[in-house]
Amino acid sequence: MYFETTFPVRYYETDQMGVVHHSNYIRYFECARNAMIDQGGYPIQDCERDGVTIPVVEVECKFKHPARMGDVITVSASIDKVPMAKLVIHQTVRNQEGALCAEGDVTLGFLNKATGFPTRCPDRLVQLIEESLKDK
Amino acid sequence: MYFETTFPVRYYETDQMGVVHHSNYIRYFECARNAMIDQGGYPIQDCERDGVTIPVVEVECKFKHPARMGDVITVSASIDKVPMAKLVIHQTVRNQEGALCAEGDVTLGFLNKATGFPTRCPDRLVQLIEESLKDK
Amino acid sequence: MYFETTFPVRYYETDQMGVVHHSNYIRYFECARNAMIDQGGYPIQDCERDGVTIPVVEVECKFKHPARMGDVITVSASIDKVPMAKLVIHQTVRNQEGALCAEGDVTLGFLNKATGFPTRCPDRLVQLIEESLKDK
Amino acid sequence: MYFETTFPVRYYETDQMGVVHHSNYIRYFECARNAMIDQGGYPIQDCERDGVTIPVVEVECKFKHPARMGDVITVSASIDKVPMAKLVIHQTVRNQEGALCAEGDVTLGFLNKATGFPTRCPDRLVQLIEESLKDK
């Protein structure tokens, strides 16, 4: 399952080093993840309405090349494996010239919204991922 | 009712102009407002648990002097009038030398969390404000 | 001079009230302003390279209707008058159903980057605005 | 070298899950790092004035327990080794009850501000760290 989304850097995302603050790549990652499941027909707000919240349990990110104001970046999310208790997503941020700005893995868990306890990945999301992996 | 809180500027709050991004003063204002009612014994999370959310309905802010990384700022919130349907709070941000960085008025409304409709300011908050105005 | 740009709400922009945090509309406004002058051929980074920074000196914003995760918002910026020392921009945020989420005026100043002192609006920006107003 | 700093969660840092958005722990980490070198007498703005910027080159973070509005968190930064080309800092976020909310390692690089090329850790920062490690 692969998805990418493209948008310009926002001015407030820069810092006094003159580049995008590192924490924002973590936020860019989230934009691509949510757009991916949105396009798959199961947006995050539906998932939460179905009683499952999807907290991030781990982030690993390498910052390779600064993104700057004026850049139009493309953020990717890809899933290689059907999730059980956890879902690992590989993510990248590239600028308009294709330079790799940041790359990392984000691990999501699944919580029953009512009890706060861990639960399995919602069936609809499992199906979405299974179908996309079949296509490969 | 007057309250102030002091904290250092955070690096990620700066932008490529080398100063605190203007949107962050709006956030600083919120910090002082919440610390004020927290100290008054009625923190925002209790208020929300009591079924009332307090959305911001209007902000007016003048940006006078840039705050910078390294500055330790003091943010004030003051209330002059017992609220009915709305609550107006006057707010300032000053740096460690007393220079006025930003100044403005924030108007809050009150919503019944269950219905989403406007409601009156919660009694406990009215009492807090009345008592503080009596002290003057 | 009128411009609008459309993008989805980002998850991290929501708060525990379940809606977009008010400070983010101020940031959305900036996105539309920068996209407008970018499209006009004079992006903010060129302007800064030309030695002029454009601080926000005043913001007035009314929050009318909450934007939520899942919304795709359209942010507008419009200029009615050729700027001298200051530039006033009227801005709106609407959701996909056309509901007005926020509306306000943002006033920009112009600073000589080297001296830090106020300066006039850069000629290229004045021309951009004059031409667009002629078209009306 | 060990440092910790304590501050309350800010309302705008929460998201619609009702907890602090994961990206903010990355920002909390930065607050503790900067406060540490500030207290050591070599604040980040001096470092930048000396011509060295300190980009984050890698972040690893595990999110263990949600921080919430109302929590007062303590963020730690610790350094175990004198840096050469890179500086690794171990960081934690705990709430007022001592629960570990997030834990991770942040790796910093050093760039010559003028050339943009990698450089060594500034001498003053090396000395700061050496002295603190001697004390152990």
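The first chain written gets the first letter, and so on, giving A, B, C and D; residue counts start at 1 in each chain.
By definition in this document, contacts are C-beta pairs under 8 Å (C-beta built on N, C-alpha and C of every residue); 3 or more make two chains touch, one makes a residue touch a chain.
Predicted, not measured: the structure shown is a model, and the values here were computed from it.
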Report summary line: Between A-C and C-D, more contacting C-beta pairs sit at A-C
Requested in this report: Averaging each chain's C-alpha atoms to get its centre, pick out the one most distant from chain C.
Outcome: D
Query - Whole-Å gap between the CA centroids of chain A and chain C - result: 28
Report task. Would you kindly tell me how far, in whole Å, the mean C-alpha position of chain D lies from that of chain A? Result -> 24
Query raised in the report: Could you state the distance in Å from the CA-based centre of chain C to that of chain D?
Result: 33
Query raised in the report: Residue numbers in chain C touching 2 or more other chains?
Result: 11-12, 16-17, 19, 23, 27, 30, 69
Report summary line: In the complex, chain B touches chain D at residues 7-8, 10-12, 27, 30-31, 34-35, 38, 43-45, 68-70
Query raised in the report: Where on chain B is chain C touching in the complex?
Result: 16-17, 19, 22-24, 26-27, 30, 48, 53, 55-63, 66
Query - Footprint of chain A on chain B - complex, ascending - result: 11-12, 14-19, 21, 23, 69
